[in-house]
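These are the structures in question, set out in turn.
One chain, chain A, links the two complexes that follow: it is found with chain B in the first and with chain C in the second.
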Partner chain A sequence: MRGLAATFRNALAEVRSNRASFVSQISVMVLNDIVWVFFWVLFFRRVGSVRGWDGRNILLLLSVLTAAGGIALGVLANARRIGTMAVDGQLDAVLALPVPPLAHVLLRRVEATNVGDLVFGVVLFLSAGSPTPARAAVFVFAVAAASVLLTAFLVLAGSLAFFAGRNEAGELGFHAMIVLGAYPIDIFAGAAKVLLYTAVPAAFVSSVPARLIEDFDAGSAACLVAVAGVFAFAASASFTLGLRRYTSGSVWTR
Partner chain B sequence: MTRRRWPGVTARTAALRVVAERGGMGVTLVFYVLVVVVLASLWRVAVGANGGNVAGYGAAAITWYVVTTEATVIALNNRLIADTGRDIGSGAVAVELLRPASVLGVRVFSELGRCLPRLVACAVVGGVLALVTAGAPPRPATLALAAPSLVLAVACNIVAQHAFAATAFWLRDAGSAWFLYQKLIFILGGMLIPLEALPGWLERTASLLPFRAMSYAPARLASGHLEPVLLVQQVGWLVVLVGLAGAAFRAGERRLQVVGG
Partner chain C sequence: MFGHACVVAIEVQDLSKVFETGRRRHRRRVDAVDNLSFSVERGERVAYIGPNGAGKSTSIKILTGILHPTQGEASVLGVVPWLDRRRLAARIGTLFGQRSLLWFELTPRQSYRMLAAIYGLDRRREEARIGELGDLLEAGDLFDMPVRSLSLGQRMRCELAACMLHDPEVLFLDEPTIGLDLLAKQRFRELLVRLNTEQGTTIFLTSHDVADIEHVALRAMVINHGSLIYDNEVVAMRRALLSTKLVEVGLSRPAPAPALAGVTVLEHTETTMKLVVDTVTTSIRHVLDDLLDGLPVADISVVDPPLEQVIASIYGRSAV
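This part shows the complex of A and B:
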């Protein structure tokens, strides 16, 4: 654990070493997220509510998604790069260290731009999510579960590259989760909705957590934890199995 | 390569490279379908909840609108500003000055060549998707105008991104500017929301800016609105943007200093 903690401290120190760049990258992402808020405000002002979702709900959804995305893509930035690292043979440096490889890879790199998402998500919840101690506690729980699920899904999709030799699945998995998670689940119907609760569990990354904050339900919360747990196990197993097929690229990387 | 032939050769070579790279094309198309399905579903639900009409668009019209706007954006390299800015900032662009052709011209035609196969593929897939999910276009004849408008839209976008990226000649980095540029297209270009659905002041602002030529114009035509003036506006904006990008690159090339070069 000490090794992993030191790894993470180094990653944080590295990203903060150029303070001006760190701040500007965070600011750009915050501005980007504000544009999405602006879009949703314009949208709901024009159309009223859509299948039970209105401007207030969608801002909650956005706060959970951006905060969870900030953790998965910013704090654990390599989650999105597992497939690329596997295909390009960039894992040599990790395998030589006396630490769990997956945990080390995930903690090794922090992406400042996506840390902006995390900052934005928290600020959005505090400003538009009607925070009370109870709602804040559910927000923290929901973001934690959603970020575990999102990270696990990215690792799982990226690990397919160990077996396929290409990383298209990882890229598509990433885009699918981010695109599908950014919209309320109730605009979908039939097979698409089933897909979003199962194979591409985008519903559990945004819509379900947002509903939990609005109206907490122990069954849904347990379901969210269970899905996150299943995907975390699958991600860890697929990465471990994939490492057996890993071929070195003689590349020393971070 | 003669002076007369280089644009065509550059574009064709880039296009063939994209066509040969099937994996990349596949990812682009799957991503396109994903975004179109989501956004079109959202708008159709909204139209349904509003008596079958939002800002003058019915379910079929809004679906054709969405498949068109998304094609104009997804067919492009969305990090073009960052990539071009990096080449300028690092001095790598200096090598291109040795060619007997304009740096900007080669880059624009090369990007256009890369984009066109993806644009055609997205337009075809999008058309099928719209037919299946929402039915025939409200006014099929307008598709004949939407086709050239699509090409003009990506041309305007590519040239504008180069004009934007040229700031790297002075700032040495176009950094994350692409992120913000993209968002201007999202709202002021009408990609996420038809301009008619914006509040009046924002719609008027959008009408004064070039972003509407990059996404809204072909989508408006494809959604059944017979407004040929949109094509004229696109050509006008293309001329202006080429002038701006050309001036910026000429000034930048004069200023270019390559460390260790």
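This part shows the complex of A and C:
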């Protein structure tokens, strides 16, 4: 644990080494998110609600999604890069150290731009999520579970590169989760909806947590934790198995 | 096998690694390491050399637990690298010339602090060790500068400190002097020899730079197409494997070049002569006798061929 804490300390020190750049990247992302929210607010002012989702619900959804995305893509920035690292042989430096490789990889890179999402998500919840101590506690729980799930999904998709030799699945998975997670689950139907609750669990990264904050339900909370747990286990197992096939960039022709 | 771990640092038996590349009909096998066997005793300085794609880096990565082999056995300090990577990593150091242990935007000391925590050194031991390495590598004044501001030579000294921080028993170095200037290379080689003689660290070095091998290693292993094709002392390698000697003669007055069997004149001036002697055709003693008897010799010396030539000769024999 001391080694992992020291790794994360260095990752934070590195991203903050250029303070002006750190602050400006966060600010730009917050501005970007504000514009995005602005359009959603305009949309719901015109249409009122869509399949039970109104402007207030969508702001909760976006606060969870941006906060969880900020953790998975900003604080644990390498989650998105697992596939590239596997294909390009960038894991050598990690594997040469006596560390748990996945935890070390995840903690060794912080990206300021996406930390801006985390800041935005928290500020959005505090300003538009009608925060009370109880709702704040559920928000923290929901964001924690959603970020574990999103990180695990990115690691799982990226780990496919160990077996496929390419990283298309990782990139596709990343875009699918972020894009589809930005919409309320109830606008989807049929197979698409099933997909978003299972193989690409975008519903559990945004819609389910947002509903929990609005109307807490122990069954849904347990379901969210269970899904996050299953994906975390699958991610850890696929990464560990993948390391057995790691080529360290030694395969010249694909 | 592997029962004498107290003296043996590295033991490898029938180790193979196959990479499969391409897809479907274009799929092909690449035998990166092919039935490799050798052993290295503790405290040795070994050069592990071969042309590009010979399997050097792949075998080092197997020995450090980074890659899993396709088949075969290996043990480093009594540990099977790919089965117990973390335990082994705590006892060895690895330095890959093209990969960095240091954080680019931070100072080396910040990286050392993280590594010390990973290796379980307490703060007192960490400070003492950083001080020792700063003195040994004459790099203490670099430890508080951002890595991005260091020259390549300075950075490599800091990299070496990073992989020596936990006092490893075996040091694996893969092309450690790549990109360094001549002076920095020389200094780096001297450091490796000092680490070996003063701290008993086993050195396992790959390099394309012949001078690294000549100045650091006492033993050379040559690998090609994934197999070991030569294993001997560096001095013996130069003497035994090339059947030529270079004879440099200083003349007291101008003289014609001698016509001797097995001798080729490389260079001839009024005061000097350089001759290549094929020791298969004739003996060096016989040539020296003839030269001393027939020429106004002021000075004479016999030189071994350059190691590049020796290695090229080994590759040539292997290819045949």
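In the analysis below, the second predicted complex is superposed on the first by the 249 of 254 C-alpha atoms of A that agree within 3 Å, B and C clash if a C-alpha of one lies under 4 Å from a C-alpha of the other, contacts with A are read in each partner's own complex, and residues count from 1 in each chain.
The rule is short, and it goes like this: contacts are C-beta pairs under 8 Å (C-beta built on N, C-alpha and C of every residue); 3 or more make two chains touch, one makes a residue touch a chain.
These figures come from a predicted structure and were not determined experimentally.
*Asks:* So, does A:A96 touch the first partner chain B, the second partner chain C, both, or neither?
*Replies:* Touch partner of A:A96: chain C, not chain B.
*Asks:* Of the partners chain B and chain C, which touch A:S17 in the superposed model: first, second, both, neither?
*Replies:* A:S17 contacts chain C only, not chain B.
*Asks:* Examine A:G48 and indicate which partner it touches, taking first as chain B and second as chain C; both and neither are also allowed.
*Replies:* Touch partner of A:G48: chain B, not chain C.
*Asks:* Is A:F188 contacted by the first partner chain B, the second partner chain C, both or neither?
*Replies:* A:F188 sits against chain B, while chain C stays out of touch.
*Asks:* Quick one: is A:N32 in contact with chain B, with chain C, with both, or with neither? Answer first, second, both or neither.
*Replies:* first
*Asks:* What is the contact status of A:R2 with respect to chain B (first) and chain C (second): first, second, both, or neither?
*Replies:* second
*Asks:* Indicate the residue numbers of chain A shared between its chain B interface and its chain C interface, in ascending order.
*Replies:* No residue sits in both footprints.
*Asks:* Which part of chain B faces chain A closely enough to touch in the complex?
*Replies:* That would be residues 23, 26-27, 30-31, 34-35, 37-38, 41-42, 45-46, 49-50, 54-55, 175-176, 179-180, 183, 186-187, 192-193, 197-199, 202 of chain B.
*Asks:* Spell out the residues on chain C that touch chain A in their complex, using ranges where they run on.
*Replies:* Counting only chain C, the residues touching chain A are 19-23, 28, 30, 32, 57-58, 61, 64-68, 85-87, 89-90, 94, 96, 99-101, 103-106, 110-111, 113-120, 146.
*Asks:* Show which residues of chain A lie in contact with chain B when the two form their complex.
*Replies:* Residue list for chain A touching chain B: 24-25, 28-29, 31-32, 35, 38-39, 42-43, 45-51, 113, 166, 168, 171-172, 175-176, 179-180, 183, 187-188, 192.
*Asks:* Spell out the part of chain A that touches chain C in their complex, as residue ranges.
*Replies:* 2-3, 5-7, 9-10, 13-14, 17-18, 91-93, 95-100, 243-248, 250-254
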